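Pasting the structures here.
What follows is chain A paired twice: with chain B in the first complex and chain C in the second.
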Partner chain A sequence: MSAPGNGAKPFDVIGRTHERRDALGHVNGSTTFSGDVSFPRICHMKAVRSPVAHARIRGVDFSAAEKVPGFVTSLTAADVPKNVYTILCLIGVEPDEEQVLAAERVRYKGEPVAVVVAETETAAFEAAAKVQLDLEELPAVFDVEEALEPDAPIVTHWGTNYFVYEGHHCRRVRHGDAPAAREQADRVITGRYQMSPIEHAPVEPTGCVAKPEADGRVTVYTNTQAIFFSLDNTAIILQVPPHKLRFIGGSVGGGFGGKVDVIVEPLATLAAMRTGRPIRYVYTREEEMQVSSTRSANRIYITDGVMDDGTIVSREVTSYEDAGAYSRHTPYGCTKHAANASGPYTIPNVSIDVHCVFTNRTPSSAMRGFGVTEASFALEMQMDRIARELEIDPWELRLRNAYRNGDERPYGKTTADATLVETMHAAAEMAGVELSAELRAMTSNDRGQVAE
Partner chain B sequence: MSARAVSFELNGEPVTVLAEPLETLQSVVRGQLGLTGAKAGCRQGGCGSCTVLLDGEPTLSCLVPVENVEDHAVRTIEGHGETDGRSALQAAFHEGFASQCGFCSPGMISVAAALLERNPDPTPEEIGVALSGNVCRCTGIAPIIAAVSDAAGRMRERREASA
Partner chain C sequence: MTLLRGRGMAAVNYPTGMNLGGDPSQALIHSTPTGAFMITLSSVDLGQGLRTVMAQIGAETLGVPLETVQVDTADSDTGPHCMGTFASRATHRVGNAIIAAANEAKEVLLEVAADELEAAPEDVETDGEGNIRVVGVPQRSIPIADVALAAHFKHGRSISGRGMYTKPKSEVDPETGAMDPDSTEAHACTIAEVEVDTETGHVRVLSLKSAYEVGRALNPALVEGQITGGTWMGMSHALYETTAPYYPETDHAPDDFSHYLMPGAAELPEIESTILEIPSANGPFGMKGVGEMTANSPIPAIANAVTDAIGVQITELPITPEKILRALEEAA
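Coming up: the complex of A and B.
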C-alpha cells in the first residue's frame, strides 16, 4: 500500500520489525548516559536529608562539614533564588509549594535541607554526613483519610491537606443523577480498593552533570525524561533566562515517569554557577528508593447500582490519591483519574469525587498512566465483583456495558473511534475463551440495535 | 596510605593505573580509563549493571578493589566485539529487542558470555539462573533469555561451519 502524495514513502512500518536506532550503542557499551559524562576538575554534590517525616528546622550547622578535606561549598534554601515552585506551573498549575531545599519546615522523610559540594565523592558523602540538623519534630500524617480529619496535622502552607480545583475541595465529575438511579437499581454493589505507592526503581539512578561554559551558559547533561520541563523549571528556580541553560539528554536508563520531576538539575546548575566548576549530582540507590517520587497510593470506594441483567445504571466513586508532601504531577493525575474512574463503560448516571490529598509521605508523581491505571485496577476488580454477585460471565458483563461510538462520556465528550468490543473479541480469541454468538456479533457501533 | 600503581590486562591490552586505596575496579575503568560501558546502577552489588569478566568469570566491578585484579585479565563490554563489531551475543541482543533503555545490557551480555563459555547449549532455565543477579526494569527477562538462546545457536552454527 502506498501513501498518498507525491514522493511519499510507502506505509510499510506496521507488521514488520524495524531496527532500533539506539540499540547498537546499548549492546556495545557506547551509548552515553548522563552518568558517563565527566570533565576535569569535576566536583560532587550530596544532599543533607531530613531523618524525620515532619519537623520545624531550628538550625543547620556546617562547621564540622566545612572542615572535611576537599569541602568546596554548601547551599541552603537562602541560596536558591526562587526556592518555592511547583513543577506544573508551566501549564498554569498553582500554587507554588515545593521547596527546592527545605527552609523552615521539612514535610517528608528524606526531604533535602542542604547540599554540599566537594572535590571527591567520598568527601561529599563525609561532609554531608557531618552537617548537623537541629529539628523540632512535629506530628505527622501518613493516611489519606486521616489527613482529611479536622484535627489532622497540616502538611501544606495554605492550611488544608487537599488540592483545590477551581474552588472545589476535590476533582468532581457529575453525569445524570447517580444517587437517584441507585435507588431504582435491583442491587447496590460496593467495593473498597487500595494501592500502595510503587517505586519506579530504574536501574540508572536519577542524576546530572552541570558544566559552566566560558560564554556564561551552563550545559547540563541529564537523564530527565522531560528535557524542556527540566530546563524551564531550572530557569524559573534560578531566575535566569532560559537561553543561559543548555540541556542535553536523550538516553534515559529507565524512567517510567520517575524522571519527569525537576530535582537534581537546579541545584547542580546553581552550584556550577557559584563555583565555576562542573558538578555531578547523582542519586545513590538508597536515595532513588527513598526520596524519588512514587506512583501515588490510592484508596478508592465504588458504589454501583446494577440491574439483575448486568446493566450498570449508576456508578459513584470516591477516590483519595496520596500526593505525599508536595504536588508534583499528582493534581494532574487526579484529573485523569476522575475522567477515567467510571471505566470504558457507558453508565448513564455517574458521580465521581477525586481528592488529591497531602500527607507526610514521599511525594508521588508520574508513573505509567498515573491516575488512570489506579482507576482501572479498582473498577476492573469491581466489574469482576459484580459478575460474581450476579453470576454473569465477566466477559458478557463487560461487553454489554462497553462504551460504543456515539455514547456520551461522563465528562461530556462523545465517544468516537471506540474499539473496546473488537479488542475484547481479539483478547478472548488469544486467551482461548469461547464467546457466545450474540457477544461475538457485537460491535462498537451497535448501540441502539441491542434491545434496551 | 597513598595511591599506588596497579597493572592488569584490559580487553587484551596491558594497562597500569594509579589507584587510591580501596578504589574500585568500576571507578578506575569508568573514570581514569574512560570505558563507561559497565554501568553504575547501585554501587552495592545489587543490580549487576557493572558486571565485567575477570579471568572470564562475571564479576561485580563495584565491589572489587582494583588492587585485587593486579596481573589478572579484565574484559569489559567494549572488549566483546568480533569481526563485524558485534559478538554473537551483541548481535542477538541487538536484533532480538533484548535491550530497551540499554542500561543493564552490558552487564547482561557479560554474564551471558561467561555462561556460553562454560555451557554452549544452556536451557532457558539455566540462562535465567545465570542472569538472576542482573536487574532489568524495562523489557522483562523473556526477550533477554531468548537472545541468549539465539546467540548460543549462532555460535553453534559458526562452530559447525568451521569444523
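Coming up: the complex of A and C.
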C-alpha cells in the first residue's frame, strides 16, 4: 500500500467525499466541451457513407455537391497520406487494414467514402447528400460462425475472416487437460450465450475542432479518451511530425470506450491543413448509433465438466468476438476476454479459444468492461445452469469453486487479490440470503497459501 | 395475466489496468510562488471525477489543503504522456504517478522549510492545513506560502516533482496463453429481484442489491456515482439496449433514443450497495479500478432472476418482452 512519503502520518483527504470540481459547471452548462469551441471562419465536415454493407466502389461523383452554395472542399482516400492503418499499430498490432476513407471497397454500411467541407453545417449535410456513389454490391456476411465457413464472403484484404495470433487462428489459453478431465467428470454441462452489440451512447457525441495555427501547427480540440494516442495516430495517418500537432481535451461528456477510436481527428486535421481554416467534425446521433463502434456481440459456447458435488473439473470456452469490418481494438479485447473467460473460479483444467472474427458489420471496438463484461455474462448464466442441473444452491456452487489467494489462474499467474468470497458474503448479508455456517466460514485465504 | 417473481445473483471479478500492462502515465507537480500546487497531466476526465480524485491524491501525499491543489489536464503541449482513460486504469496509473511526483516535490518543500525553521529536513512535517512544523514542536511552524516564496526568491529552489507509473508489458505465450493481464482485481456481487408479466413479457426490476470490493474508496461519493451509473447501464444492457434487435440480422436498426431504448427514472428499481475495502498491494492508497465493473454483475444477475421467474433460460441479450413471450410460448 502506497503511503505519503517522508514518514508523515496519513491525512484525511483520501477516503472522504469531496465535491467534484466540475460538478456545478456540468450541471449549469458552463463547462466548455470540445464541441463548444469555435473560431471565426470555421467550416463544417460531414461524411459520405456507404448505404450498403459490402460493395466495390466504381466511382464517386462530386459534381452536384460542388454546386451547393457554401461548398469548400472534399477529401477522398487519395488525399489521405497513410489511408490504410490499424489503430493499435502503436502497440505493435498488425496488419494495417482499416481505411480512413474507403478506396476500392466498402466493408460495412456507413463506412465513409469521402468527406465534404462547407461553410455551414447545413451546406455540409446537403453537399454530402449530393455526392453520387457508384457501387457494385457484393455478398456480405453478418454472422460470426457463418464468416468462418469456407465459402463465406471474405471481408479482409488478407483472405481470412479471422485475426491471426502468432500463427494461431484464435487467442488460446491452455491449463491442465480439459478434454481428458471432461471425460472423467460426472456430468458435462453446456451453454451458448449471445451478447448484443450495444452503443456507448455518450451524452456528448464524438467530435473535434481542428484549427490551423500561424506557426504551421494544428491545434485539435477533441473529446478523445486518450490525448497522445489520438495525436500519435493522427500523425501516422497524416504522415506529419507529431510536434506539428497539439491536442487539447480533458472534459469529456461520457466515453465508455467509444472515444478511444481515432476517427474524427485525422480528417478534420487534414482538412484544416488543406483549407487553412478551422474545421468542426462532430458525429450526429444517428452516426453515433449506427456508424461509430459498438460493443462486440460475442457468441460464447461453454462446456463444463462437473462432479456431482459441484466441483468444476474442466471448463472449455469457445468465444467468437464480432469485430465487424475492421480490427480497431478487438484483437486486444479478445486477449483480455481470453484471460477472463474462465471466471473468478479455480478450475484445474481450462481450455479457451477466442476468435476475433471479421464480418460486414459496423466495427466493434473498446467498450466498458471490454472482453470481461461478455465473459461475466456468459459464465454467471452458466453457473446458474450448473446449479439448476445439479440442484445445488447457486451461492454454494460459486463459493465452493471461487478462486482463493495462492491458486494458479489458467494464464499462469498466482492469485493474490481475490476477495470474491468476502464480497459474496457481504452481498448475501445485505440481501438477507441465509448461508450455511460452512459457507460463512469460507475466506479467500482458506487454502492457506497466501495471507494479505 | 400472471406476474411471476424471480431472484438471481451473479458474482464477478474485474481486472485493473490495460490488459497485459505496458500502459504508462506521468504526472508533473510544481508549486506556485505562493504555495499553491499545480498537477499537470494529459489524462482525461470522462465525467467520473478524475480531476477531483487526482487533486485528493496530490493533497494527501503532499500533506497540504485540498483546495490549494489544482489539476491541469489533457493538453499535449504541457501535460506529460498518459496512455488514456480506459480499462479502469486512470486512478491506478495516474494516481501512482502523482504520488511519485508529489513525494519528489515534497522533499524540496521540506528541505526549504527546514532551512527556514533552522531544523533538519527529517525533523519537519506538513500539517495538512497549509503549514510546515517541527515534529513535536507545533509552535515552530511556517506557512507553506512563505516556504514557497523563500524557495523561489531566496533559495533558488524549484519545488517540483516528476512522477511515472507503468506496469511492464507482459507478452502472451501463444501456445498456453500464459500472461500477466492485470495489476489487481476488484469484485462485485449483485442480487436482482424481478417481476415478469407473462401477458406482455415486460420485466420490472424490483431491486438491485450489490456488494463491491474496491480496495479503497478514495472518494466515496464518486464511487457511489460509478455504482449508480454502472448498475443502471447493466440493467439497460440486460433488458433494453441493442443496435441490432434481431442480431445477426441487420434490420430494425435504431438511429436515435426513441428507438434505442434505455430505462428511464420510472423503470429504475431501488439500488442498494455496500462497499468493502480490502486494499490492493499496488493501487494508490490501496484502491482498485471500479469504473467498468459496476455494470457487469447486474447483467447476469437480472438474467438469472428472469430464469428464476419464468423457468426458461433466455441466453441472448437483451432479454426483451418479445424474447420472453416467444420463450414462454415455446415452453408451453
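Methods note: the second predicted complex is superposed on the first by the 434 of 452 C-alpha atoms of A that agree within 3 Å, B and C clash if a C-alpha of one lies under 4 Å from a C-alpha of the other, contacts with A are read in each partner's own complex, and residues count from 1 in each chain.
In this section, contacts are C-beta pairs under 8 Å (C-beta built on N, C-alpha and C of every residue); 3 or more make two chains touch, one makes a residue touch a chain.
Everything numeric here is computed off the predicted structure, so don't read it as measured data.
Participant: Return the chain, chain B or chain C, that is in touch with more residues of chain A.
Facilitator: For chain A, the partner with the higher number of touched residues is C.
Participant: In the overlay, answer first, second, both or neither for which of chain B and chain C A:36 touches.
Facilitator: In the superposition, A:36 touches chain B alone.
Participant: Just chain B (first), just chain C (second), both, or neither: which does A:248 touch?
Facilitator: The second partner, chain C, only.
Participant: Just chain B (first), just chain C (second), both, or neither: which does A:373 touch?
Facilitator: In the superposed model, A:373 contacts chain C only, not chain B.
Participant: Between chain B and chain C, whom does A:27 touch in the aligned arrangement: first, second, both, or neither?
Facilitator: A:27 sits against chain B, while chain C stays out of touch.
Participant: Going by the contact rule set out at the top, does A:201 touch chain B (first), chain C (second), both, or neither?
Facilitator: In the superposition, A:201 touches chain B and chain C alike.
Participant: Quick one: is A:402 in contact with chain B, with chain C, with both, or with neither? Answer first, second, both or neither.
Facilitator: second
Participant: Could you say whether A:167 touches chain B, chain C, both of them, or neither, answering first, second, both or neither?
Facilitator: second
Participant: Should A:285 be classified as contacting the first partner (chain B), the second (chain C), both, or neither?
Facilitator: A:285 contacts both chain B and chain C.
Participant: Please report the chain A residues shared by its interface with chain B and its interface with chain C.
Facilitator: Looking at chain A, the two contact sets intersect at 19-20, 22, 26, 201, 251-256, 285.
Participant: With touch defined as at the start, can you tell me which chain B residues reach chain A in the complex?
Facilitator: 30-31, 35-44, 46-47, 49, 76-78, 80-81, 85-86, 89-91, 93-95, 97, 99, 101-106, 109, 135-138
Participant: How about chain A: which of its residues touch chain B in the complex?
Facilitator: 19-20, 22-33, 35-36, 38, 200-205, 251-256, 284-285
Participant: Help me check something: in the complex, which residues belonging to chain A touch chain C?
Facilitator: These residues of chain A touch chain C: 1-8, 10-22, 26, 53, 91, 109, 142-144, 146, 165-168, 171-175, 191-199, 201, 224-229, 231, 245-257, 260, 285-286, 289-290, 294, 297, 332, 335-336, 338-340, 343-344, 352, 359, 361-362, 366, 368-373, 376-377, 379-381, 383-385, 394-395, 398, 402-403, 410-413, 416-420, 422-424, 426-428, 430-431, 433, 452.
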